[in-house]
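To keep things clear, I will list the structure first and then write my remarks on it.
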Amino acid sequence: MTDAPILTVSDLTVRFPIRGPFARKLGEIKALDGVGFDLAQGEILGLVGESGCGKSTLGKTLMGIQAPTSGSITFEGKEIAGRTPREARALRRRLQYAYQDPGASLDPRWKIGKSLEEPLIIHTDLPRKERLAKVREILTSVGLPAGHADLFPHEISGGQQRRVGLARILMLNPEVVILDEPTAGLDVSVQATVLRLFRDLRETFDLTYIFISHDLSVVRLMCHRVAVMYLGRIVEVGPVEELMDNPKHPYTQSLLAAIPKVNGPRVTENFWLEGEPADASNLPPGCRFQGRCPHVKPICRQEDPADRTVGAQTVACHFAGEVFPPVPTPKESTPA
Amino acid sequence: MTALKRLLADRAASIGAALILGLILVAIFAPVLAPYPGDVTAFHLTERLQPPSADHLFGTDRMGSDVFSRILFGARITITIAVIAVGVSVGIGVPIGLIAGYYGGFPGGFLMRTSDIFLAVPQIVLAIAIAQTLGPSVENVILALSLTYWPFWARLVYAETRSLKAQTFVEAALALGASDLRVMVLHILPNTASAIIVRTSIGMGATILTAAALGFLGLGAPPPTPEWGRTISEAREFLPEAWWYAAAPGLAIFLVVMGFNLLGDGLRDILDPKLRKGSR
Amino acid sequence: KDRYVHANNSAYDTLDPHTVRDVARVASRLNFYDGLYRWVDNPPQLIPWLATEHSVSEDGLTWTFTLRDDVTFHDGTKMTAEDVVYSFERMLELKRGAGSLFLPMIDPGQTVAVDDTTVAFTLKEPSAIFAALVPDILVVNSTLVKENEVDGDMGQAYMIDHVAGSGSYMLQRYDPARGFIGERFADHFAGWGEKYFDEIEFRTVLETNTRIQGLMRGDYQGLDGYLAPDQVERLRADEDVQIIEEESMRVFHIAMHNGRAPLDDKNFRMAMVHAFDYDGYINEIMQGTVARNPTIMPGNLWGAPDVPGYDYDLAKAKEYLDAYKAEHGDEVRTIKIGTLAGFSETEQAAALMQNGLSQLGITVEIESSPWPVISSAMQNPDTMPDMVPYWKSTYYVDPNNWVGELYASRYAPTRNVSSYHNDAVDEKLEKALVITDQDARAELYSDATTQIYEDAAGIWIYNTKWFGPYASSVKNVRFCPVGNGQDMRWAYLEE
Amino acid sequence: MTDALLTVEGLSLGFRGDGGFAHILDGANMTMKRGEIMGLVGESGCGKTTLASAILGVLPRHALEVRGGRIRFDGIDMLDAGQAAQQQAVRGRRVTFIPQDPFTSLNPVFTIGQQIEELMKWKSPRRPVGPSRAPTLLTPYPRARRRADREKIMEMLNLVQLPRPEQLLKKYPHEVSGGQRQRLMIAMALLPDPDLIIADEPTTALDVTIQAQILGLLRNLANDRGVAVMLTTHDLGSAYEICDRITVMYAGQDVEAAPVAEFFNRPTHPYTAKLLASLPEGGGGMTGIPGELPSFYAPPPGCRFQTRCDRATEACRIRPAPDLAGPAHVVRCAHPLFQTTPATPLKEVQA
Amino acid sequence: MRRLEIILSRLVWFIPTLFGLVFVVFFISNVIPTDPARIIAGENATEAQVQALRAEMGLDQPLYVQFGRYVADLATGDLGKSLYTQRAISEDLLHRLPATLELTMAAMVVAIGLGVPLGVISAVKRNSMIDQTLRVLSVSGLAVASFWLAMELQMYFSTKLGWTPLNGRIAGWGPEEITGFYLLDSLLTGDWASFWDTLHHMLLPAITLALPAAATLVRFTRAGVLEVINSNFVLYERAMGFPTTLITWKYVLRNALISTVTQIGLIFGSLFAGAVVVEAVFDWPGLGTYAVQSILQSDTKAILGFSIIVGVVFIGVNLLVDIIHTFIDPRTLK
């Protein structure tokens, strides 16, 4: 890992207007609200959080599929925003986004081979023969038989689709790859092989990952650092071990406590978090976690907490480092 | 190849395809198949309104011509009208729907409103206006039908494009740096193809019916064209005695339209992956 | 109560007697209104009606009519000369219908009520045909109409669905989408016979087939005539139906554009007139229900010349065509025939012509349009198709209605649609318009018609026979070509 | 077993389709007692939903082909067409259902209240038994019963921690969140006062924090009301969390059934062991099980795991009989893990 | 309120669409090569008379001026006067509208009453004999040319068998007019004879019109039901033991209707236009007959008026469908 970050994001905000009839603006969803972080070369940054908290939006904004409302993204020291489409496209070749649903990101009427060839047609002027050779090469490197180039997306399994999605991205020799929930919906056994593929590819192609997931155990396995998002904001970020073993934000704490683990404590016995996330289009003033936080104080209802560094983590909580998860009462479970 | 196999496996669709194939063959080989190929323009005034017999399968008409032969030649007109009118409609409607659906916003809305307007103009009225301006003829029937039919395709493609535009694979293609044109032509259009094909097949049937209705109202091809709709309208004077005179072209229309509809239905089942899944 | 229900092929969409003057809507004019004179019977005769007599001044310009003094309108008002003047001025003012016939002859304000029962018309120039038009001066109840004038519209809005007349029947019910019902006007000045219909209904039934079946089922007691021969056959077979057969004055011909090449060449026209299968058309398509009419003049009218009709003879046609080609070269362009959409006889005639010409190696294009379109086209020499088969009906019973209007230069291009021009013919026709002696006129018309015939200016095919389909129980229908047998005051029911 | 509420014995069925006969369930067995939570686990596509649907009688009838086996619920044969009336009376009343996807399982065009009321109209425990004479669409819903049911509904909504139930009932499904919808489905499953709830992956569509709440709710309800729950899931963590017993399925066959602690600590079937080893928190998060599920159109005879099992031998070509590996711990394997490695693994024979 | 807002936003489109419609139809009808002045003046008029009339009618002015005047008049509900009769076209159309509406609505009722239940049955009994038969029938229904069917039905039932009247709306002159809808009027006045007679007259034309519409509905309902019948909520309802009839006829149908309703809107529009041909065959004194009449007379203003009415009804019905959608599909209010 080199010192200069390959990617710097600061104060990134994305808002989706909600429009009614007559294009009247009824409100807006703050999908991203002042997100900032650095990404070092070769690093794997995990991004976790509940559904709808803005993980995909962040990924797509970095990739340029989604235009930011404000904020800056610097890639290798160069600002991405405000470039001509052509320059931005050239920059983005090296920054790629792997879709949450890889099956859906492939044209259902195109054979795998053709889909894989497309990036080369757009960005290079290699002759057809070389393109095909490259397609075969890349298919092998993601662990698929070259014959799969002649299949349609619906003819291969979910795990294989994911490999194809990756292969398509790798065609462009990217440096940073944003993996959006790459293991969601996969069985543990398939998940394991896919994870190993990511790790191998990273070594082969010298990649940097942003690893979006809501499965904390996978994140722990894969990532160096984790950022926890809640309703459009990163509420806690830090090295994976520290953050997981010693979470500082009450949301991170409850998130960790909510995952049932085999042979772990029974989380349902005394899970404390109640209710559901606030409406993203209608955030209350103050801390966005106030509605569900077991430690809520008056100040939380008035002031949105600033980021503060506590230990190895950066936490957006007024009481970071001062609150702890309620101690679980051990269950008299069936003797092992 | 597999599509063809599936088509043949579907009874309704293969009947439809057979009917249409029959129509095409009849249209091509009308001069060979017709027992009295000259009867399109030649008359035998002494043999007017003869009932069906071995000589005249469907009897004779008001000019003593063989109805069967004229029906066979009528197939040519029918197929010409249907193919060109639908072709032009597709040619106008598809790009409009594609562009409107892809770019959306005000221009899209405007295009779609325009198509709504054309949809609201009664087809018959438009056809009449055109027929009266340019004189009733096959070409003008085609023009009138094309002008009123394109919105159907525009609407269909618009809706399909809207939903495809929102799909991830389109976004992914754009993210890879594909241009709008590339995405529209290579990704979206092929994915609307099955819907277009189905619609077109059924549209052919509808076009034939409308063309016949125009002929019936006297706004289509001039006499002595053997167009089916106008034959029915000619026959009206001689009903109910000369029942064959109207029955034959009526049946011909029925069979052909049915053929297109059956084929359209079959294609829908074959081409629509959603239904394919459902039938598994 | 005896009722008569008549099914008509077009709509009774207005009752105003002065705005339309077509045969289709004649029933409302004849039965609700009276004219100064009236046409009856066949061949048509003018009989005194609201007027008892007339005199013409020396210079032929002033026509003075004496009116009956016992005429009352439906509302009981007495009719006076003022009503006649108002009616006539109204026609001129509205410029539609019969008004357009009179406008060229008389200026507005030239009609005066001399006294209550005398009215005088002063013409712009002497006219032999004015007498034939007098029945068209339908008199409306001026008091009633004036009461219902809106913004000086001369009661137009009112008259559309009201009747202000003195005619044999009074309006009882009216629906423009459906027709009207008239109730006998017992106080009609002409009195009534022993038997009559108490109520008459004229109904619009657009479909010929439906009309015929309705008559056979007894839904209707009468239909408009001019049925296709096959339909006449069908009706004849029904014993509850009678067909009243009358020779009418409705000449079916193919107008040719004499002003445009190649039809401006007499040889070519001669080829044309010999290329039409008259016998086939009359005997097969019309099943012999019409009579061959060799010229434009109805054969049964005075002044019609006695000439043999051109015959269908392709050999002769070929000769003429060769003569033409010798002069103009072999190339003959496509000939366009315009037909009247919905009138199958015109379509069949065109098809037959096409058939004949194709054997001469001439291609024909047929174009079928609704009557108003084709009629507009015909009135302009540039848009007039090369040939148009159509009928010339009886608007007034005078040779001028046929030969004059169709071939005199004074009527070009609106009524003389053939662009036919022949100074000798013009001279005769003009003269016949001014003099009043019928024998002299007859000779002039006969000569002119013969000349036109020799010029082969058109293809004259047949004179229509009128087949009035009525229920057998309907008696005493007095057919007259002008009213098409829809003047119901004489008819009655007898089982 | 007299206290068995539900027994599935040797259930064998499949679907006839374009590609031939897809033999999905091949001799599946399962037993459930009153008041226990049974986890039915296995990887995606192994037939969990098919088994649940078979019990509920909602398999697509036109393609279905049952080849053998029985499903008995409290003495009623759930497959016998002759007992259709009893089955219909049982369904939604004594056996209820919590679907996998709360987002699409409620009818989008009726309010939540209308749908709950309809359920209570037909399936309320207070409904007099016996067929009604009125045509179905016109069957009345007596005022008194309606009011009583309404109270129960309110009570139940409170119990599943749904806030402001009055307003909730007036809403349409799309107007409430996924977690609330799933709670609603649980309430609807409980309202008829059933003996058995079949919950088909009730939390996969939900976030972990919500999942924890829902799982907790299910556990408590089972404890408090003595309802048996059949929990279908492929998340072993969830299964561990609330189940009393676990049955593992592989490709339409039950391979192992054991009390929860036994299951996780002493897996006996090679498949179970490998599955547990693939868990990320199990440390071997990147091992996985090589190979894929066999095709249902041409499955191998006998134990269906043989194609991926490194212990498989010729013996595996015949379906092994159930074997007791401990108290209430049933395993179906020719070479269970407590035995030594077999002499000639099948893989080598084939190679 | 959401619904009101949605309805309003649809209504806002109504005016420009209508304007576009008028624009298109106006210019189309003005290229018809007939000279209204000449038509009015009659065959006997001289050129000078025609010119005078043309000036009087403002036909000598540029087209856009005429269009402006037309739109201005239209805004006050004035569609001009018929060239032939000088009758106000709006009056003519209004007078005939009830006849056509009554017929189309009767056809619509028949079509819905037949099409929707049959579509449901067809879907529920998928691939059964009933389904196959219905599918064949519905395809045939769509393939029949309505004018031909009308003729054949008339020939058989009226002429041959004499079971039904040949043509028209009623034998006599109809019940006392209150609304112009004979069925309604005869009910209001208690005139049962007229009521039955109207129904009797309506039978064949309504069936002719309804047949293709019913066929379309069978197909769409079938497709709609099939789409819904495999959805999760139906699975849930079945798993919860809801009575099958209830699931099919209440829960599934209501969902399937969402797409069917759109179709009903489109169908109503096409029925309305299709009435032109059917009315012509059965001499139904409605808008269609009027249109044919106007066409044959090249009464451009009347054709224009007719097109606008049909267009308005079409746009209006689709607007109504949108509104109905907000009721049957609560998701539209999201």
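Should a chain be cited, it is by its letter among A, B, C, D and E, assigned in written order, with residues numbered from 1 in that chain.
Note that in this section a contact is a pair of C-beta atoms (placed from the backbone, for glycine too) under 8 Å apart; a residue touches a chain by one contact, two chains touch by 3 or more.
In this text, all values refer to a predicted model and were calculated from it rather than measured experimentally.
Trainee: Chains shared as neighbours by chain B and chain C?
Mentor: Touching chain B as well as chain C, we find E.
Trainee: Name the chain pair with more contacting C-beta pairs, choosing from A-B and B-E.
Mentor: Taking the two pairs in turn, the one with more contacts turns out to be B-E.
Trainee: Computing the C-alpha centre of each chain, which chain sits at the greatest distance from chain D?
Mentor: The most remote chain is C.
Trainee: Cα centroid separation between chain A and chain C, in whole Å?
Mentor: 89
Trainee: Indicate the whole-number Å distance between the mean C-alpha point of chain A and the mean C-alpha point of chain D.
Mentor: 32
Trainee: Using the average of all C-alpha atoms in each chain as its centre, how far is it in Å between chain B and chain D?
Mentor: The answer is 52 Å.
Trainee: With centres defined as the mean C-alpha position, give me the chain A-chain E separation in Å.
Mentor: 55
Trainee: Spell out, as numbers or ranges, the residues of chain C touching 2 or more other chains.
Mentor: Answer for chain C, listing residues that touch two or more other chains: 207, 341-342, 370, 373.
Trainee: Going by the contact rule already set, what residues in chain E reach two or more other chains?
Mentor: In chain E, 32-34, 159, 230, 280, 292, 295, 298 touch at least two other chains.
Trainee: Which residue numbers or ranges of chain B touch two or more of the other chains?
Mentor: 132, 219, 236, 239
Trainee: Residues of chain B touching chain E in their complex?
Mentor: 12, 113-114, 116-126, 128-130, 132-133, 205, 209, 212-213, 216-217, 219, 229, 232-233, 236, 239-240, 243, 246-247, 249-250, 253-258, 261-262, 265, 278
Trainee: Could you pull out which chain D residues touch chain E in their complex?
Mentor: These residues of chain D touch chain E: 53, 56-58, 60, 62, 88-93, 96-97, 99, 101, 104-111, 118-119, 122-123, 135-137, 172, 174-175, 185, 188, 198.
Trainee: What part of chain A is in contact with chain B in the complex they form?
Mentor: Contact set of chain A toward chain B: 63-65, 89, 92-93, 96-97, 99, 101, 104-110, 118-119, 122-123, 154, 168, 172.
Trainee: Quick check: in the complex, which residue numbers of chain B touch chain A?
Mentor: 167-169, 171-179, 182, 187, 190-191, 273
Trainee: Which positions of chain A touch chain D when the two form their complex?
Mentor: Checking each residue of chain A against chain D gives 50-51, 157, 185, 187-193, 195-196, 199, 214-218, 220-221, 254-255, 257-264, 266-269, 271, 273-274, 276, 333-336.
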